[in-house]
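Structure first, then comments.
By letter and in written order, the chains are A, B, C and D; residue numbering begins at 1 in each of them.
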Amino acid sequence: MYSKEVMDHFRHPRNVGKMENPDGVGKVGDPQCGDEMIIYIKVENNIIKDVSFETYGCAAAISSSSMTTEMMKGKTIEEVLQITNKQVADNLGGLPANKIHCSVLAEDGIRAAIDDYRKKSK
Amino acid sequence: MNKIYFDNNATTRVDDEAIKIMNEYFSSEYGNSSSAHGMGIEALETIDKCREKIAAYINCEPSEIIFTGSGTESDNMALLGYCHLKKPDECHIIVSEIEHSAILNTAKELQKEGYGVSFAKVNREGIIDLDYLESIINEKTKIISIMYANNETGAIQPIKEISEITRKRNIVFHTDAVQYIGKGYIDVKKTEIEMLSASGHKFHAPKGVGFLYLKKGIHIKPLIFGGSHERKIRPGTVNVPYIVSMTKALDVAYRDKEKNTKYIAGLRDTLKTGILDSIDNIVINTPNNSVYNTLNISIPGIEGEAMLFSLSEMGIYISTGSACSSGDSKPSHVMTAMGRSDLEAHGSLRLSLSKYNSQDEIDYVIKSLKEIVDRIRKISPYK
Amino acid sequence: MNKIYFDNNATTRVDDEAIKIMNEYFSSEYGNSSSAHGMGIEALETIDKCREKIAAYINCEPSEIIFTGSGTESDNMALLGYCHLKKPDECHIIVSEIEHSAILNTAKELQKEGYGVSFAKVNREGIIDLDYLESIINEKTKIISIMYANNETGAIQPIKEISEITRKRNIVFHTDAVQYIGKGYIDVKKTEIEMLSASGHKFHAPKGVGFLYLKKGIHIKPLIFGGSHERKIRPGTVNVPYIVSMTKALDVAYRDKEKNTKYIAGLRDTLKTGILDSIDNIVINTPNNSVYNTLNISIPGIEGEAMLFSLSEMGIYISTGSACSSGDSKPSHVMTAMGRSDLEAHGSLRLSLSKYNSQDEIDYVIKSLKEIVDRIRKISPYK
Amino acid sequence: MYSKEVMDHFRHPRNVGKMENPDGVGKVGDPQCGDEMIIYIKVENNIIKDVSFETYGCAAAISSSSMTTEMMKGKTIEEVLQITNKQVADNLGGLPANKIHCSVLAEDGIRAAIDDYRKKSK
């Protein structure tokens, strides 16, 4: 059902945890639907210096979060805004049809975190 | 990998005796019970003997038992079958909020067809609120359908009290006893019930066979038309092997009831205590008055599918009331009806045991559950 | 007593391979295909593999196969399901006079509900009269249901020609292939068919399982409501063991088709010749173009049940189109539709063979039949 | 399903065959319904001297005919008219519910034969 990559990121998620003094925080999802994702970022010179997440959700949601944070690290703000849910899913070796929304959530999470960062740094 | 099956409210392993007895009906006693010749007559006698046995277990007449192809079919025959002999504007139906989809979606279908439908509420324990039930009865209420025991929580419903209400008001009472039969005793005369649904695969018989008890004098419109099998109420060549198997499984269930009740209830209690002792912030969803094999808990902040999936990876099979696993968008309607929060509902797990489970399995599940909860809680924003 | 089973159009003995493969699904692979865990996923994969195999046999998409609980249910889903999405006064239906009661009584039910229903006639051979069929089509005709092969006579119907008529006029074509599948090849693309019913127990699978082929884009209203099994078209926990068994039985049927066709057709021909040679005044009711296992004859002046009963006493199992044996008052509607006289219809016998029959059995049946006919003719006023 | 008596009378029916020069003939039933019975009688001094039958029908119909003819033999006309379908069925050790009509046919057969005899001997 799940790919090896999904399994790996679910079992050993990267970049887990709340961040102290983040530069931006993106919170997306809805516990009513069974998923919520928080992405924390630290930005230096327009570059994602550090990123972490906390996710409430199924295995696909957790692994999508983990993969997304890995993909964000070291990229410029403009670059991370180019990340699509499709790329996340592809990097995970694909997701089952009924789990695609989890990667969409991750994409939304990136945007929300960047929005928050831009608001705060104005 | 060893399989630890704690999902016996979803379906069960077929009992060895129930497998053994069925096999000769495939290769030797394979007559069609509608055939007029010797092999047909034998087949008919076989199913009629099964009918007698099953009738005895719920204290009805053999002719009041109609064999069906599933619990879902039995439920539909009762609800659609009964209502379709009445005009929509003359027939109001009550079902509970916590019914299985076989009743709930059938009631919603009737609603679409113009029938009045009301939903009986449950309290926080998942048990029917009798005062509320009485308050939604009106002069057009013709049938009330409330399950004997709930499949998610195991909560046993106040069937006796409901039957007193329906009898007093001359309303037909249907109960979905799919999760209760074989685990508790049923007497449709003492507790007056007009229709009752059962499904073999919940009591160690195969999937794809069930029955409907239909009290003499209660008329229903068949769902399908064809030959004159099952008094034309349920046509189609009769599934002799499965009926024999279902009957044997019920025999075994009631023969070993005391022993198994004690054994399984003991396992469940150890499981419950073990979980409560090792994991904090657990909500118990199974009330005291429940079928003895079911334990439903919520671990708020952990989404059920993540748990289910992690356990499945370890060879432990359970179920969850979370949406993610079923492709739906909302969590379990039963949890919601019981006033559970979204996080509680999405974090609900059902562990349902059978005679095939062991103390070792219980210990292993407690340990595994704790490990997984610890791991996933670290990831969750809700600790 | 040795059992000589010549009633394979009523039901069949389950194939040994089809029994063997099913058994592990009772005690080991017993997961519920709706469960999200490993055992559930395995069950789902199992039935989907079966779906693929069966689809390949009739050349449709796997998603076009819906598993059901019987041929009767498949037939009802097709006819009731299709019509119930249309208004009665906008929907005219055609079924043949020789359909099985699963179609005939369903059509009559639709008639009661206000749908227009016409009955296609057959000729003396029991084969659809195509000119008549075309003549009863009107602008409201939405669906035509005509069986692939008749259960009483074995007559194969002109399915290709009918599908050309329905395609030309944009009418949905349903065929009850219960007696044909496994015996002949079916291609629902080459011969355009929108819906097709099958039942396992006619091709050495168990009773109580079947399927409906439902062409993509054709919509039907479900007969029952509940969970989301079988795309919500046929809810109820899926009968994995029987589906596996049915698939294996179909595998075996097509794997051994050439061999069995030759063998069984040979037996039937010997049977036919033997009867014609030893008993006079026989009417043959099975046309040349028939499924190879069926022989229907009439012995005018001998009531079928008396024959059936006498044969059954000797361990020979057949069926008859006489009324007396079924509790009905009229003889076989198929015989009547074929223009058989009352005496011919009441004297009709169906002998339907399978791969489990032998030449010795054929010889014994011919001898026994002759003896009984001689004895009963002495008693009858019609010699 | 059938009693020993039914079986016996079906397998070895008594008084079978067409009668030459009968004093009365009763023909009842209808081939459309799958049964027809002809009872032939010879009467001497108001007593049934000889009786025979030809029956088209199921095992129950044939054995009812056979039993009925046995019961008629040697009785007076008044006595045979007292024979009821219930007695026929009872003497056969009972009939299945859906076969009771066969014994009714036999009772009708007696009446028809006697009627015919009375008409002819007027």
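We take it that a residue touches a chain if its C-beta (ideal position, glycine included) is under 8 Å from a C-beta of that chain, and two chains touch if they have at least 3 such contacts.
Just so it is clear, the model here is predicted, and its values are computed rather than measured.
If you average the Cα atoms of chain B and of chain C, the two centres end up 34 Å apart.
As a whole-number value, the distance joining the C-alpha centres of chain C and chain D reads 41 Å. Chain centres here are Cα means. That of chain A falls 93 Å from that of chain D. Shared interface positions of chain D, defined as residues touching 2 or more other chains, are absent. Each of the following residues of chain B touches two or more other chains: 305, 309, 313, 325, 327. Viewed as a network of touching protein chains, the structure reduces to a simple linear path. Remark: the chains found to touch one another pair up as A-B, B-C, C-D. Residues 301-306, 309-310, 313, 322-325, 327, 329-331, 342-343, 346, 376, 378-382 of chain C are the ones touching chain D in the complex. Across the complex, chain D meets chain C through its residues 2, 7, 10, 13, 16-18, 31-36, 38, 54-59, 61-62, 98.
Residue ranges of chain C in contact with chain B, taken from their complex: 3, 5, 7, 10-14, 16, 19, 23, 26-28, 30-32, 34-40, 69-73, 75-76, 80, 100-102, 105-106, 108-109, 199, 201, 206-209, 223-228, 235-242, 305, 308-309, 311-313, 315, 317-320, 325-327.
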